[in-house]
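Letters A, B, C and D mark the chains in the order given here, with residues in each chain numbered from 1 onward.
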Amino acid sequence: METNPCNNNVNGKSAIPSKVSRKPSQKDTIVNINGVLVGGAEIVVIAGPCAVESREQLFETARSVKAHGAGILRGGAFKPRSSPYNFQGLGEEGLKLLSIISKEIGLPVVTEVMDTRQVEMVASYADMIQIGSRNMQNYPLLKEAGMCKKPVLLKRGMMATIDEFLLAAEYILNQGNDQVILCERGIRTFETSTRNTLDLSAVPMLKRLSHLPVIVDPSHGTGLRWMVPSMSKAAIAVGADGLIMEVHYKPEEAICDGYQSLNLDEFRLLMAGLNKIAKAVGRGISTLKAAHI
Amino acid sequence: METNPCNNNVNGKSAIPSKVSRKPSQKDTIVNINGVLVGGAEIVVIAGPCAVESREQLFETARSVKAHGAGILRGGAFKPRSSPYNFQGLGEEGLKLLSIISKEIGLPVVTEVMDTRQVEMVASYADMIQIGSRNMQNYPLLKEAGMCKKPVLLKRGMMATIDEFLLAAEYILNQGNDQVILCERGIRTFETSTRNTLDLSAVPMLKRLSHLPVIVDPSHGTGLRWMVPSMSKAAIAVGADGLIMEVHYKPEEAICDGYQSLNLDEFRLLMAGLNKIAKAVGRGISTLKAAHI
Amino acid sequence: METNPCNNNVNGKSAIPSKVSRKPSQKDTIVNINGVLVGGAEIVVIAGPCAVESREQLFETARSVKAHGAGILRGGAFKPRSSPYNFQGLGEEGLKLLSIISKEIGLPVVTEVMDTRQVEMVASYADMIQIGSRNMQNYPLLKEAGMCKKPVLLKRGMMATIDEFLLAAEYILNQGNDQVILCERGIRTFETSTRNTLDLSAVPMLKRLSHLPVIVDPSHGTGLRWMVPSMSKAAIAVGADGLIMEVHYKPEEAICDGYQSLNLDEFRLLMAGLNKIAKAVGRGISTLKAAHI
Amino acid sequence: METNPCNNNVNGKSAIPSKVSRKPSQKDTIVNINGVLVGGAEIVVIAGPCAVESREQLFETARSVKAHGAGILRGGAFKPRSSPYNFQGLGEEGLKLLSIISKEIGLPVVTEVMDTRQVEMVASYADMIQIGSRNMQNYPLLKEAGMCKKPVLLKRGMMATIDEFLLAAEYILNQGNDQVILCERGIRTFETSTRNTLDLSAVPMLKRLSHLPVIVDPSHGTGLRWMVPSMSKAAIAVGADGLIMEVHYKPEEAICDGYQSLNLDEFRLLMAGLNKIAKAVGRGISTLKAAHI
């Protein structure tokens, strides 16, 4: 059989990314999200609702996740939805709420950007911008993110190989921005009992090939609320530098992803369990001292 | 096992797209690309180089594919490449060449757009704009394409289900543009002997579920030049309304995708064979009368 | 990234099968099933019910498929079923019915064998034995089939690469039996709108790499009765040497696979359409002269 | 789109397995392998070479893995190999070595059986019989295993859904043998940097749906020796009842799977790390008191 020259295989010389690759004995890159460090000894948990819905929803959720050890707040203002008839997010109004509550609670905030025309605006409200799974190979967006001054959370495409994922990150670094966090969030397989198949082997593989921090999203990776705690533990055991998960103060009323969002109590219990695993692998959970709210 | 509410399954009522769906006894939509009709009895072949490289390359290729029956010219000016270090296309210069040569030869032209900021510009040079596989779920881009006045060629994402593909098209139609052609171009599977696995069953499935025309890309679908002719025949036998394929006047010198591009002679031979299959299924190849060049 | 030595890639020297491989300018192997030739210019259609249910069912179906051009009869006596509580087939009683009706109607018969202990018995009733998808890597069964004196129809595993498929056939040839037909029957992908994804690119790939005949199973490949005709046409257009499909005299009463079985009238119509495609690719349908029954 | 009745979806009533399913408040089944209990509080590690090669190789490996906490010995005498020209195992001679050394060292032994004709013989030498990935849907073999009096280690097919896996186990239980251990060993996906994609979400899913013990095979699941330790930790964190892994006293000289086998020292280090994770999830490693050899 002929070798297929189309496969951008990292075994092949030409396809090897360069700036994202770990050079011999190169140290881990640490990404600084407004004072919270990802990629060092401490594990960081990013938590919050799928979408920003209201001031109350965001405030109550943010206050609680901070109290229980989250280091960064997440929340979507622009939502990539399969159907044009689904809720598309609050847009700039959502960004404003994120910015205000982030400061009130004292948690840096990450939110997704989908359009090259909005990178600057989103970056002005957020402490870190996210490029979602569906946009992992949206090259103009990657370049724009590479030119912005904020850290970037890059999610693996649901059909992306490890090499393609690293090459997507290379687009960002190549513009001069090396503050990039890689996020495994599940790949698409034949299995339908889970929303995606969370590929935890991607964590040690990415850590070996690259110097960038790697985190895991067990909410999208499984699509099942009850499975988030066990997969979170596995992610830390395998060497992830952090987690990003959906938490909602009233999951049963959530506009989107309620079935995969933890409620506040479930989040509290999870964090206690995670700390034990983190210690077992010689790390800890990075927790900003809980503010007295 | 619990039902996973995350799957946007078209079996589920809520996820059924509406404007792209075929209503009972609804006729096929015919898309008009500057006078060339796709979706009717005649099969249309779109051919040309992967990327616009030079005036000579484009002119020689365009002249020849027209002479042998191509109905539309293809060529990339903005190229989505896995690596930032690969050739990214000639940009607006390439668009100008496409526009000039398209007029000289007398073939409408389709070219890809990747950035919301460039939709208007690309549409001003091209007769049809293409949204590529990697951008199938780039929702701002889909919306922008829906607002432009040119037909849109939408390629299936390499890991997109049929429902997600139709929902992506729905984003375009929902903005008022119903001149959309769906293109199957191979999905990603475990098989590595071909670049992708060309899913020809997608053709009858899409035709059944939707009124939009469906074409097939055997070049990207297989990644192997020698396999393009047989898969092209199969595509027409299964009911495709057209084909889009890469043809280059000197494939061995092509900057990209040379291994999957036909040369001019191979294209000529292929077209002769296709016509027989088209007749066997009661159709023909739509060939503009060859201009005397 | 390190090269993974586990992948039995046919690009690698050591994994290249030898007896199944096509040597330079080697001619196609023609398999002779009791007088019906597969692999030559004529296309052979194998048709019949999923499972043998009764004398009436088998006789009526066999008589009709022969009258409309089928060259070989199919029918299962031992059924591999996902659940132990599903109908497991009539066993030896079914084999006897197949043998009797095959002779009455004048069609050779193929049936599946699942157990090494039954190869000899099944081969004594059938003109060709089938090794099903789930047993493609059942090596003791392959060896046993290699030692029997009947032709073997080997189906591709739903998760098997092209190389693994050829290596499975090599197990049979290596025992001295070169009367092997390869059958593409759909692979498992993320797509759920069809039962499997029929990989038609496997046909030209297998024909190029091997001298063995290749046929296609559109019934299992799609799982949808209405899609069988169009995919059958595509299979012939792409170069298949034959088809195997499920036909039942009363699909709505079939014990298994009724939703993907054609009824007698649908089969008659399909055969007419197939003949046109076969002619378009320079071949014909091999039809034993219809017996006057 | 029509519902596809072919999918044996466990959501569908008819396909729900019964004997393997966990009834409300049903306790975990504990499997007893000659005194070693799998499925209780203690985690059991099964270790040994891919294939039995020689008395020295097996003895040295077995002695060492026992000394460092393995509870059960593994080793293949009949090897399912993709190519007929690869080493096929020592056969009954290998079984005798396994039986002798297992008794000398004091570790129960598990080994694979591939042929219905050999189940009785293999069961006479081994303490537990294994049905491998490629035979997960070899129904005659499953039935035969169900009739034997030894526990059965059933590996998930590399393309099997969770429901198909449970239905395969149902074949064994339905014959009266409920001493079955389920093993996740990696599924086949598009990703090629690892041999398979180890689906750790299968562990909590299987534990929720069934009462049977679940173990994980990180050696085949990753195909990479250096990745075995981190994935082993993750498997225990996610709730696995045990691990099965390849260990060889001289991996660089192993006849098969050397690149994914740990050496004796790597195994020792791994076991120390595993114990910490086991404690963090409230369990321990079941270690027979190291014999003085």
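Just so it is clear, a contact is a pair of C-beta atoms (placed from the backbone, for glycine too) under 8 Å apart; a residue touches a chain by one contact, two chains touch by 3 or more.
Computed from a predicted model, the values in this text were never measured in an experiment.
Asker: If you tally contacting C-beta pairs, which comes out ahead, A-C or A-D? Let me know.
Answerer: Of A-D and A-C, more C-beta pairs in contact link A-D.
Asker: Based on the averaged CA atom positions, which chain is farthest from chain A?
Answerer: Following the centroid criterion, the farthest chain would be C.
Asker: From the C-alpha centre of chain A to that of chain D, how far is it in Å?
Answerer: That gives a centre separation of 34 Å.
Asker: Roughly how far is chain A from chain C, going centre to centre by Cα mean, in whole Å?
Answerer: 47
Asker: Could you say which residues in chain C touch two or more other chains, in rising order?
Answerer: In chain C, residues 1-2, 10, 159, 162-163, 188-190, 192-194, 205 touch at least two other chains, as defined above.
Asker: In the complex, go through chain A and note every residue touching chain C.
Answerer: 1-3, 9-11, 162-163, 188-190, 192, 205, 209
Asker: Which part of chain C faces chain D closely enough to touch in the complex?
Answerer: It is residues 1-2, 4-8, 15, 17-18, 80-85, 114-117, 134-135, 137-140, 143, 157-159, 163-164, 167-168, 170-171, 174, 188, 192-195, 223-224, 257, 259-260 of chain C that touch chain D.
Asker: Once bound in the complex, which stretches of chain C touch chain B?
Answerer: 9-10, 159, 161-163, 187, 189-194, 197-205, 208, 221-222, 226-227, 230-231, 233-239, 276-277, 279-281
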